[in-house]
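Labels for the chains are A, B and C, by order of writing; each one numbers its residues from 1.
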Amino acid sequence: MTTDEATLTSARARPALWRDAKIRGIAYQVVFVAAVAGFIALIVHNAIANIGRQNIATGFGFLHREAAFGIGESLIEYSPADTYARALLVGLTNTLHVAALGIVLATILGTLMGLARLSSNWLVAKLARVYVEIFRNIPLALQLFFWWGLLDKMAPGPRQAWQILPDVFVSNRGIIYPVPLSNPAYKWVVAALGIGVVAAIGLHRWAKRCQAATGRQFPTGWVALALIIGLPAAVFLGFGAPARLDVPVLKGFNFSGGDAVSPEFAALLIGLVVYTGTFICEIVRAGILAVNWGQSEAAMALGLRSSQRMRLVVLPQALRVIVPPLTSQYLGLTKASSLAVIIGFPDLVSVANTTMNQTGQAIEGITVIMAVYLSLSLAISLAMNVYNRAVALVER
Amino acid sequence: MHKIIVRRCAGLVTALAMVGAIAAANSALAGATLDKVKQAGGFSCGVPTGIPGFAQPNDKGVYSGFDVDICKAVSAAIFGDPGKVKYVPLTAVQRFTALQSGEVDILSNNTTWTLTRDTELGFNFAPVVFYDGQGFMVPKKLGVKSAKELNGATICVAPGTTSELNLADYFRANKMDYKPVVIEKVDEIYAAFFAGRCDVMTGDATGLAAQRIGRATHPDDYVVLPERISKEPLAPVVRHGDEQWNDIVTWGVYALIQAEESGITQANVDDKLKSEDPGIKRMLGVTPGLGKALGLDERWAYNEIKAVGNYGEIFERSLGEGSPLNLARGLNNLWTKGGLLYAIPLR
Amino acid sequence: MTDLTQGIPIAAQAPRPRWTGALAWLRANLFNGVTSTILTLLCAALIAAALPPVIRWALIDAIWSAPNGQACHGAGACWAFIGEKFRFILFGFFPAGETWRPIAAVVIFLAMIVAACDRRMWGRRLALVWVIGLFAVFALMRGGAFGLSTVETALWSGLPLTLVLAVVGMLVGFPFGVLLALGRRSRLPAVRAICVGYIELVRGVPVITMLFMASLMLPLFLPTGITIDKLVRAQVAFILFAGASLAEVVRGGLQAIPRGQIEAADALGLTYVQRTRLIVLPQALAMVIPALVNTFIGIFKDTALVIIISLFDLLTTAETALSDANWQGFYVEAYVFVGVIYWSFCFFMSRYSQLLEREFNRGRRR
């Protein structure tokens, strides 16, 4: 008895230092942090020593100097007289442009293909499967080269351009299409469109409340469609339908008039969309399959039509499975847009590379690239998390 | 348990100590590119990824051309053997980062000597080995006769070059518009131009001529316009802060030029060892002194000429009449023959 | 008595099918309603429009041999270009007389991959096979022993280089990724913070930026005088990147381990290392094997990005072959050729991952 008690008391007394889990944990962390910090310090020390010895300029002062190089395409005003900061901003907007468009189009393509893969129509399902199996298993870089080679090097010159639709031309200068000549009426049409959309949303809310209160259903879809399309159309006709198109015509070196998408941009966008679309297709398909078949059966038993079943029962549940992997596809697409540099589209990486070379400040250039991409992924993650919370299961 | 922790801590301390030792060694080694190169038994040389006549790999991956011969000459001066060079193909955008970081020891990459590059980028330039000027190449069927007619043109240009900057300057000065297409890889940008992606290709005029002959399926369909819109003195580049290494490359180039002026060739350099001319005796190391001053073997210049010949021979082999490019010497002739090449006295 | 049959239920009978055999199948799968019929017809039209020109281009009008590029431009594909450049695209600058060495290396890689697919092999035996295989590949490629001439890594190119980058990247990246994932789930806040920071940093930055840094800027961060082979540096960049991606997959598995397993291990008095090695990892990894294979496919495809830093992988050799002045303009042919090679590897691996997934699901359902 006494011995037992003695053992107990000694066990309750402080154990040897290295046996205390807490102290051991602290010790491990101190050592680990010291090792990492030492490693980083060493790298920084070496870089500073090497840069100092060679007398390389440092700091971000170069951002305010004249860039003096031209950039092929830009969404914002830019000339070689602008600063490096402005040039980098042009690169950033180009990256955002292609990434945003890519995300939207890839989502549409992926969702359509995902639904097609689940279609009861054998041919549709098989074609969708062929699309996925082909484009998912080939490196994106190779696909970009392929589209680029097709649009940039194999397409004919402007004078022999392929006319794929009336007044829409494909040549090695890009895809050229007519745009409406600007007219004051368009401002009102756009305004009408905005009003139509707002009205449709209001109608949808009202119809929902109405259904909840009285059980009466209101044909929201058709009326909303009428509002969104009809209102602008009415305004357009009210102005006498001023539909003068700015049609591309061959002049000098190139087409003039109309609007154009450069082959580099088109190749990058097509490559990103087709490649990412395959992954989104599989995510959508898996998400829908993850919804218990009993849910669909229950919906059928309630007499819901197949479109209603999809919209009201299956999709809301599938989205919970779909959104997290979809987020990482969006991040992947944004990062992959940096491959623009291999096909000569002036995205952020491409402009930053040129800047690094003209100023010789590689570390600063890489810092800019990393900071931008990290903030972009943070922004996308945040946005998708907000959305995910909206669709997530509300648990009691 | 105690022992394990002690052992682990010991392991980490050792690792940290090793890291510290490396850091200490760092400062001791600073600046001694020549020592590093001798110790490693070779150096790396940044060359273009593919400009016919200047640097191009054959199907075995072996590089040859004018830029490559400069590296070979330096290798011969240091090791007595032109083969101690590792060639690193670099695009225009990559080359400066690679030289700054130490990835390459010399850049022989058709690099234009400019003030900013000499100062802010932290480089030193060896003497100019090739005087060039920027030009425009267009398909003949476009019917353009002068660069002044290029308003509105789509122009292919390699990013990160002085050509990219000069192009912007020229169009600004002449109040003209253009649309640049920039692609990093030389192969790709010329493929795009010859496929008709751009109306105009711009770059160093010699490079344009070389690519026209080396790459176009029908070279006669293209023409280089007469205007030269810039001065492009191309020179080998080394890192700032290592005077000895800079001296070796600088005088390595001068020796090639002086050899041509003194009539020393690859074929007759052995006979010239018996020459009575005190200048030649000094240069070839028969009278010792110059080699020691550079920290090299006294035979350094002899080895260079023996390995690659004098400047004229290098030029003729890769660019001149002995080559498919068939370029005239022009400005790249000796000062005595109306050119700009003028070696500083080797004494 | 009178109506015996009344209480006996009549067996349910399916209505007599109106269509049987192939017609029934067609009706059920292709013409099941108006929408379905329209879709079928659209798809059929698409195939009818697209397939014949492709076949004509690839087979009927194709040119199979030609002395040079100019003689090879016709209505169809120029497979003569592939015939001419076949060796270069696959093996690049590797000395021509020694072509058997990269071929043998590729065969060994294939054998290693096939061996790894056999689940009976999983374990120490496989590890041994892989170590020997990698050693053999290295010896074959590098030479300098067994009477083989030395070949600089700068001359390693084409398919063997792609395989080296991918396989070594996965192999070394995997344990690194497991460590990172464990660190991310660690109870020690400093360790966790550093691991999270690393994973998020590497995953947030484009791979090409990492490759750029590894190939062009790394010496700036190293003491002068230390040179590391370019291939090794690109390889390290891949390992760092693969580690971060694999860590996220492994983390998924770790999160799915029931808390009870860990508590049980603790109750048995296992140390952290024992618990992780014997209880946690075997279960966590088994759960994410299909996801791991998918990540491997991603890494394999990402090796194509080394074109940025002038390493001559399969894609770069194809691009280089395209720049030959004598054979110009055969983009589609070259891309189709290397595309088929990449595709075969990835398709095989993805089918394998699906197979594994099915097997594991079957096990769990039972």
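The definition used in the following text is that a contact is a pair of C-beta atoms (placed from the backbone, for glycine too) under 8 Å apart; a residue touches a chain by one contact, two chains touch by 3 or more.
Bear in mind that the values here come from a model prediction, so they are computed numbers and not experimental data.
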Query - Minimal step count in the chain contact network, chain A to chain C - result: 1
Requested in this report: Return the chain pair with more inter-chain C-beta contacts, choosing between B-C and A-B.
Outcome: A-B
Requested in this report: State the chain with the largest centre-to-centre distance from chain C, centres being mean CA positions.
Outcome: B
Query raised in the report: Just curious, how far off is chain C from chain A if you go by their C-alpha centres, in Å?
Result: 24
Report task. Let me have the rounded angstrom distance from the C-alpha centre of chain A over to the C-alpha centre of chain B, please. Result -> 42
Report summary line: Where chain A touches two or more other chains simultaneously, the residues are 46, 50-51, 153-154, 341-342, 353, 362
Requested in this report: Provide the list of chain C residues touching at least two other chains, using ranges where the numbers run on.
Outcome: 212, 216-217, 220, 222-224, 319, 329
Report summary line: Residues of chain B that touch at least two other chains are 22-23, 26, 30, 94, 97, 100-102, 185, 188, 191, 195
Requested in this report: Spell out the part of chain B that touches chain A in their complex, as residue ranges.
Outcome: 1-2, 5, 8-9, 12, 15-16, 19, 22-23, 26-27, 30-31, 92-97, 100-102, 116-117, 119-123, 142, 152-154, 159-160, 164-165, 167-169, 171-172, 178-185, 188-189, 191-192, 195-197, 199, 239-241
Query - chain A - residues contacting chain C, complex - result: 25, 28-29, 32-33, 36, 43, 46-47, 50-51, 119-124, 127, 133-134, 136-142, 145-146, 149-150, 153-154, 331, 335-336, 338-339, 341-342, 349, 353, 362-363, 366, 369-370, 373-374, 377-378
Query - Complex contact set, residues of chain B against chain C - result: 22-23, 25-26, 29-30, 32, 36, 39-40, 49-50, 57, 59-61, 86, 88-91, 94, 97-98, 100-103, 185, 187-188, 190-191, 194-195, 214-217
Requested in this report: Report the residues of chain C in contact with chain A in the complex, numbered from low to high.
Outcome: 28-30, 32, 36, 39-40, 43-44, 46-47, 187-191, 194, 200-201, 203-209, 212-213, 216-217, 220-224, 297, 301-305, 307-308, 315, 319, 329, 331-332, 335, 338-339, 342-343, 346-347, 350
Report summary line: Given the complex, residues on chain A that touch chain B span 16, 18-19, 24, 27, 31, 34-35, 38-39, 42, 45-46, 49-51, 53-57, 68-72, 79-81, 152-154, 156-157, 172-173, 252-254, 263-264, 341-344, 346, 350, 353-354, 356-360, 362
